[in-house]
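Next come two complexes, and both contain chain A; in the first it sits with chain B, in the second with chain C.
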Partner chain A sequence: MKFKIILIILLVNIHSISFTNEIINENKIHKNLRCLVCQGQSISDSNSDFAITLKMVVKDLVEQGKSEQEIYNFLSEKYGDWILYKPKLNKGNFLLWALPYIVLVSGGLIIVFLIRKRTEKS
Partner chain B sequence: MKKIIKITISVFFIFILVVFYLSLNRSSNYDTENLVGIKLSKIKLESFESNKYFTNENLKKNNYTLINFWASWCAPCRIEHPLLMQLSKEANLKILGVNFKDKKNNALNFLNNLGNPYHYLAKDDQGKQSIGFGIYGIPESILINKDFVVIKKFIGPLNLEDFDEIKKITNSL
Partner chain C sequence: MLSNIGNFLLFLNVLLSILIIYNSYNCLKTSNNLIFRKIYKLSLFQSTSILICFFTLISAYLISDFSLINVYQNSHSLKPIFYKISGTWGNHEGSLLLWAIILTIFSFLFLIFNNKHPKNYRLYTLIIQNLLIIGFLFFILFNSNPFSVISPVPNEGLGLNPILQDPALAIHPPLLYLGFVGSSIYFSAAMASMISNYNDKPFAQSIKSWVLISWVFQTLGILVGSIWAYYELGWGGFWFWDPVENASLLPWFAMTALLHSLLVLEKRKAFYFWTIILCLLTFTLSVTGTFLVRSGILNSVHTFANDPSRGIYILIFLSIMISASVYLLFAKYKPERNYISSNSKETFVLINNWFMMFYLLTVMLGTLYPIFTDALLKSKISVGPPFYNSVIIPVVAVFLIFMAVGPQAKWIKNKFTNLKQLLAILIGALIINFLIFYLLKSYSIISNLIIISSLFLIISSLIDLFKKTETNFPRILSHLSFGFLIFFIGLNHNFSIEKDFNLKLGETKIIDNYKFVLKDLELNNKTNYKAIIGKLQVNNMMTNEERILNPEIRIYENPQTLTYEASIQTNFFKDHYLTMSNIDRSEYYNIKFQEKPLMIWIWISTIMLSFGGCLSFFRNEKNN
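Then we have the complex of A and B:
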């Protein structure tokens, strides 16, 4: 049983283990940054003046050795969380992050409850 | 059990309706409300006329500083310019102009023709320094106090209402 649990934990975290030392992917950062002067576009999809400037700033910050999270922190400090497509967990968006897990657990409990009830009947 | 399922489904639908109602009533435009109160601790802007930089050191003696981002090619900047000229006469206020992605000759012609309201004049040729101030278009203006804390940010050209508000804030000392 213990072995199975360890195996599951390893499989769940394999992505983060493999890419811990991954070189920062600028394009990944661009895709998470909203173009504030565009309609529903990330700066990766936009060639607006603002998007081009922001790409240059991201490039500079990466060259300065800033991590992906540090870049997001810098920009959200200047523009607010609105600039991030995937904002950090906070009081305002807690439900957004937690709801899928709540639904998953509740669904699982309902299924277990129904199965038990059926086996009791039979 | 059926009752529980009915209640769960009803609660779920009500929740979705509430989320839709709140989301559709909320403005999706970028606003600067959460930027007010932030301290601009690392101001560094290249001077328009020399290779020097304006930093917090240069601005710390001012009670209030209005950082105005402008360019000669920007039509709304011409609209707000007369108000900046009037604000430049305010005793407790100094204006730092940041010439944004502009040509030096055009910027100088603009100031010669319309007047120069700026106590400090900086430039941002590539627009990269302005990102540090949360700028995404011009004209934009940021009013900071002696401690470099953002009092108010104005997106778009200053209007009479903004003008009165700036005067009221700076005269409150």
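Then we have the complex of A and C:
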């Protein structure tokens, strides 16, 4: 009985998730773009000429029907990877993306290993 | 004049440290368990003189003595008194003096409050702490001296950066320093513990209160810094994963892990070396953070005037610290043999430490990685909020579940008898989550996960609160507050509304269900700045609410700077946040309007979190 209830609730949750709209959120894109003339700000947080221009560029690109990823590719080709706050997954950044998970998994393994050893001993 | 007094006191402090080390060394050789009275006196004298030294610098600021370079560069005679005082530690040299004070006072307090512990352990702690003090005093004297003079004496100072002229910013460095410089004392104690073979339970008891104190201050310091960023930087966010923020977060993770592993050391005499490593790591991370920030290696909003020679000095200091601790660890390491069951509180504490290390390494990696790609691959990359959010948040969701279940486990051997209750809590969390997202119509997998798991933690902590068998109220309060913190951050992040547009005087703009009118612009002359104050009327046409917000553009004279002051209206349900900025060569103003739900509860949860640490401190003091 209980499991049925859980199942139903889970399904309802998943159902609601699947309704997520695929509208491109311009503000989300702005937050991922570094304002190159400022100190550690995204263009969403800045009001410099650069940020204003870039916001217009993003708007244009969205209107042209470009996807979020295409916009990032376009801008990083033009200004370099420095402009993206979320680094691309490529050869140079592989460790950045992989190491946290390697740490997570190996940490778990260390605990399992350590406890198994300590349980056996006594 | 003040420069001479200051320099004299600094040298006196070096001398006192040397005397303390010399006397402690002699005292180690005596056979009884008494510490020479002389050492107490010297230590008290040392604390007093470093405080006087600091007051000397404060008075130089108060009387605007511009013969000191430090005062000349960071103050101005027209500045309000409060900011003259806070200017003292708002710069590199002055803040180092604050470091030295905290190192010294903690050294003295540790000496007098730990009188139940054996002599040698206390003396070794004192010696190591004084070596740290000498290291910092040398740094101050020969590299970053706040008492250096300038001639000819300028008539007027350059002034303090206006965004630093703020009460929250004025108090956040002392709070943070109490946290991460305070961790120096358990660095020294951990070294002393290894040297004098004073370990396990009594060692855990001797440092527990100190860990709690530093943790509470670190938490509060991070909070006050975030509040400042929220209303001063004008971006409406409160955490930017800026390198300097990360530098304050790294020791916090290590401290939190330490706080938990100490419990095991105290109750079960296990994980001694791991606990030692965490003690050493916390202070090492604090110094590393300082190194990264002050050497100018990292690009950040916290722009300290930087200078490579500082970096080299701290780097040398840091390498000596690290190599000494690693050497001692290898020399003293003995494998532990006591029994640990896979289902026990011990294991759950390990799980906490595991996650803390994950957060720590992820944040450290994100902070340092750009330096490596720049040096090795010649490619400049940025690692910002989207990276941290996407890597850390899913893991936090799992972590919160452990955080709810773990504390209920028993020491040595545990059996979960209340699986049904856990299921019921999970169902409750799912239902509430569903209601929230259904009623407010916004969905995303990650937010759902975070909300569900934080609700899980909240509900189970609330149940613990009413259990007769569970007596550790500080623990429940901290875990509950952390659950609420993540819950409110999750909701805030999901349901914030942001509107960005341009407006000129008298114009009306309608976006979705909001109507904005820029009614008036008023020019106002204040003592140290001019302000353009906007009068913006915001109508929510759905709820018929009307409010007037008054954002400011401030023009400071010394130094010449433009700042944008957000207008924020706070209530228990949401914050209304509005900033206005001028656009060059145009009569339009850029307006950024945000509705941020439950903002105040994020601050309240964090205060409650650190209050839990406070209570734990008092409980610990009472029990020992």
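Everything below uses one rule, namely that the second predicted complex is superposed on the first by the 101 of 122 C-alpha atoms of A that agree within 3 Å, B and C clash if a C-alpha of one lies under 4 Å from a C-alpha of the other, contacts with A are read in each partner's own complex, and residues count from 1 in each chain.
Methods note: a residue touches a chain if its C-beta (ideal position, glycine included) is under 8 Å from a C-beta of that chain, and two chains touch if they have at least 3 such contacts.
From a predicted model like this one, the values you see are computed outputs, not experimental measurements.
A count of residues in chain A touched by chain B and by chain C gives the higher number to C. Applying the stated contact rule after C-alpha superposition, one finds that A:Arg118 touches chain C and leaves chain B untouched. Using the contact criterion defined above for the overlaid structures, shared-chain residue A:Tyr79 touches chain B, although it does not reach chain C. In the superposition on chain A, A:Val62 contacts neither chain B nor chain C.
In the superposed pair of complexes, A:Asn27 makes contact with chain C only, with no contact to chain B. Contact with chain C, but none with chain B, is seen for A:Asn47 once the two complexes are overlaid on the shared chain. Of the two partner chains placed around the shared chain by superposition, chain C is the only one that A:Asn93 touches, whereas chain B remains out of contact.
In the superposition on chain A, A:Val37 makes contact with chain B only, while chain C stays out of contact range. The contact surfaces that chain B and chain C form on chain A in the two complexes overlap at residues 49, 80-82, 110, 114. Interface residues of chain B, counted against chain A in their complex, comprise 1, 5, 8, 30-35, 38, 101, 126-128, 130-134, 136-137. Chain C makes touch with chain A in their complex at residues 233-235, 237, 240, 242-243, 299-301, 303, 336-342, 347, 350-351, 354, 357-358, 361-362, 365-366, 369, 373, 377, 379-387, 390-391, 395, 423, 426-427, 430-431, 433-434, 437-438, 443-445, 448, 498, 500, 581, 583-584, 590. Here chain A touches chain C in the complex through residues 2, 5-6, 9-10, 12-13, 16-17, 19-20, 27, 31-32, 34, 39-42, 44-45, 47, 49, 52, 55, 80-87, 92-93, 95-97, 99-100, 103-104, 107-108, 110-111, 114-116, 118-119, 121-122, going by the rule given at the top. Contact residues of chain A toward chain B in the complex are 36-37, 49-50, 53-54, 56-57, 60, 75, 77-82, 106, 110, 113-114, 117.
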